[in-house]
Amino acid sequence: MEALLEPIASLFGAAWPAVWTLAKIVAIIAPLMIAVAYLTYFERKIIGYMQVRIGPNRVGPLGLLQPIADGVKLLLKEVLVPSATSKGLFILGPILAIAPSLAAWAVVPFWDGGVLADVDAGLLFILAITSLEVYGVIIAGWASNSKYPFLGTMRAAAQMVSYELAMGFALICVLMISASLNLSEIVRVQGQGQFADMGLGFLSWNWLPLFPMFVVYLISGIAETNRAPFDVVEGESEIVAGHMVEYSGMTFALFFLAEYANMWLVSILTSILFLGGWLSPVGFLPDGFHWLAIKTSMVVLMFLWARATFPRFRYDHIMRLGWKVFLPVTLFWVLVVAVWIMSPLSIWN
Amino acid sequence: MNFVVPDFAPAVTELFVAGMSLVILLLTVFMRESARNIGYVLTQLTLIVAALLTIFTMDGQVRVTLSDMYVDDLMGDVLKILICFSVITALIYGRGYAADRGFDRPEYHLLALFSTLGMMVMVTANHFLSLYIGLEMLSLSLYGLVAFDRDSARSTEAAMKYFILGALASGLLLYGMSMVYGATGNLSLSGVAQAIYNQAAVYDGVSSKTVLMFGLVFIVAGLAFKLGVVPFHMWVPDVYHGAPTSVTLMIGTAPKLAAFAMAMRLLVGGLFDLAEHWQTMLMLMAVGSLVLGNIAAIAQTNLKRMLAYSGISHMGFLLLGLLSGVVEGDRFNALNAYTSSMFYAIAYVVMSLASFGIIILLSRSGFEAENIDDLKGLNKRSSWFAAMMMIIMFSMAGIPFFIGFFAKLSVLQSLVAADMVWLAVLAVMMSLVGAFYYLRVVKVMYFDEPVDTAPIHAASDIRVLLSANCLAIAFLGLLPQQLIDLCQLALVASFQG
Amino acid sequence: MEFKTFVFYLLATVMVFAALRVVTVRNPVHAALFLVLTFFNAAGIWLLLQAEFLAIVLVMVYVGAVMVLFLFVVMMLDINIDRLREGFWSYLPVGAVVGVIMLAEMVLVLSGPYFGLDAMPEPPAAQAGYSNTRELGRVLYTEYVYPFELASLVLLVAMVAAVALTLRKRTGSRHLDPAQQIAVKRADRIALVSMPAEKE
């Protein structure tokens, strides 16, 4: 690999590190964008089947070109900026929505060593970046200067801050047993243990000892991405589309991309933190990226499944779940894990 | 990692109060409305046990623990006990008042308990961090308490003013501390003192003094705000006036002891080698407080405001004691000066408790006896409490032989000993001005016809305690020497001269 | 210029600019957003100092939570800036004098030799495997445990005070408790009264 890249590296001279990093970024973003586009197709098909419909089947074979057609349509549409808006912020909103959901991928390890930036505080970085996602919604909703977007904004601000806490505590449990904030390290730690030695790696992953946290994280993840049944931020039937009401064309598409990129992000993080990342579930199969891809797809499938199954939560129920159920549970579990680690029963030595 | 688990024994009082406050918080959450009296009872019990704990663990040794953040010494113990008793008294006085106005909720007592904890932490701090955090705990509880009667616009306004100015003062204090840290590389008070001493020896006293001085100015400013002296006094009248009287009672008493302790820890414990500099600053502030406090008090018709301005002038007196300690680098007068200051603080707290106690006693549901006119003809309504109020006013004015007189006297003595005669003369003159408005209250009580003829009805515990409090003012005035000796002993044991 | 120095100046410039805009913009929401930008740049500068934990926590706590709630409140307020600015010009001279004096003093002190590179030499580079987060956690729970725990109590006090000041039962609200409605039994609503049959 190094030898192969040598002639290209010499071509760029001193600028090579920058170019190489850029290439890596493209190598992450481009597949991600394709994954995002096909997630919309996947979603419509899955929900279609669950509701005994066919789903998109007109554009291309099996409707496979549907996402492309949608993309082209959105690109060609006019970007409207209503006259009563706060212009700069109106444009800034969608940008701020998509930027964090892409930036977070910098620290995501795809396979052992396959990570753009292998920083020590990766988990903290993720927490910090994901906590910024709410700004896109807030700014968009406020800048639109219109009632429904504003209501959406209010809901988003309260909801995302509430669930971030539970999410943060769940992650604290993970980092306590991993003794590291580095995502690759967190995955490696999951590959050790009694069950892993017996060839049953999937029982060594974090989901089992941290099962309550796993559930909390998964549900909070749905809430953080504003997906059904926590989609009161958009709530078509209540406030039309929340913060996105006034947006059209590409600006709208950016919100859409951000939402689906976030779904992928939360899913891949769930896989990394609780489901052993790139590790193989059983000893006789090799580790590798394909495992991560499979796990992530399964988690995404759960997202869609939840959307097709549950009715939307009422807003006060969402708040109650976040503050009165998840927060105490996670706090208590942090305590339990802390005692567990220090006790002779600890399985993480 | 060579971390040794610290010795928690010296800090047992603070740990107890902190633990109990959490217990009370949880208990009152799950109590039914009717059983919520338990919050008050438990708070009082906690304070009493805390005082007893301190008394029984008290000895003359200085113990530093918790990574140099906590110091257990005699001055701290004495002040902690006094703070506990002061808060107990304030809570007893204020209870009926709070109940009449419907804010007698458990949180009210809980915040009082937290403020006590904050004061204790301040009093025993040996580190900028613990000092600051104690101060914040005290201030936050007090902000909350001032606004507690939330339907009163005046209280809310007072709380806002207090909060904003208090936050500013905390900022100043922190900024000063960070500068001192920059100059000395130390946050522990003893460490700072040592570093300044070393630097003075090495660089012949000119080294990073500019930075130190810069920090000192900010620290003194923050301190002055908490004491409420000119020119950082603006909040005092408004907050005293606006807060519910039972809260004013809490603000005007125990925190003054804590502020005194903070001044001692910071200025004498940490920055003693800069004494000549901070003394000048204190002098300016003391003169300003004496003049402004006494003159502005004359113009007041509201008793609470009048007491606020008189409080400013009293704090000026307290500063006079602090600033007369070091004379041109000589420390012969330090012990006397600081003793007089501590004695003054204690005397003021005793008098202040009683004076606000009288206001509460005369108030009743739907009526605030806060104007001087409301005292008219008090003699005809209750000659006993008129006599009590007379004792308080005489003592505050510094008329012999009440405790206030001896407090003023000891400060003046130390001023004269430090060759600051002109300051002593000024202080005496301003006290004479002050005597005017104190005596006016007495005149109103005895020679005017009562406007309000409703009988005084108050719980018997308040009557007894208030009478005891006032008699203590008179009694301590007969035997001031014991208290002065106690202060002196505490300071000797804590600062080794 | 070294790349790091360039980044520092870039961040510092944006930070100072944003901080100035916080106090000069007319719209409070814009001011809050500029404050977010200020925090962000401050976090960047901390990152340059290799204090990654502080930097990320600043973003997480202040930008991600505190400012969101702050915006939440500010957006709901209808603040008339022009009315707030009344009297601005009359306060300006005093404010300007105090400000200039403070600035001059600070420049004099801070530009002196006390905070130069000689007085504050660069700390030795951290060894490999050094984790800023781990070290901070270690001192926080050992050496600084007393102020740390007290600080948590201070936050509790703030919480208790805030709840005590804002939580109260509204009287006259027409709120219905669904649980109560569902729990209603037949016997609660219907009373069967046996009456003798009436003859016409």
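Couple of notes before you dig in:
Chains here go by letter, A, B and C, matching the order in which they are written, and residues are numbered from 1 within each.
The working rule: a residue touches a chain if its C-beta (ideal position, glycine included) is under 8 Å from a C-beta of that chain, and two chains touch if they have at least 3 such contacts.
Keep in mind that this is a model prediction, so the values were computed, not measured.
Which two chains touch most often is answered by the contact tally, and the pair is B-C. Distance from each chain's C-alpha mean to the overall C-alpha mean is smallest for C. In terms of their C-alpha centroids, the spacing between chain A and chain C amounts to 26 Å.
Rounded to whole angstrom units, the spacing between the C-alpha centres of chain B and chain C is 31.
In terms of their C-alpha centroids, the spacing between chain A and chain B amounts to 55 Å.
Taken together, the chain C residues at the contact with chain A in this complex read 29-30, 33, 36, 52-53, 56-57, 59-60, 63-65, 68-69, 71-72, 75-76, 131-133.
Those residues of chain C that touch chain B in the shared complex are 105-106, 108-109, 112, 114-115, 119, 138, 142-147, 150-151, 153-154, 156-158, 160-165. Within the complex, the chain A residues that touch chain C are 89, 119-121, 124-125, 127-128, 131-132, 134-135, 138-139, 142, 150, 153-154, 157-158, 160-161, 164, 181. Within the complex, the chain B residues that touch chain C are 1, 3, 6, 11, 18, 21, 25, 66-67, 69-70, 105, 107-108, 110-111, 114, 117-118, 121, 127, 129-130, 133-134, 136-137, 140-141, 143-144, 147-148, 150, 179, 182-183, 208, 210-211, 214.
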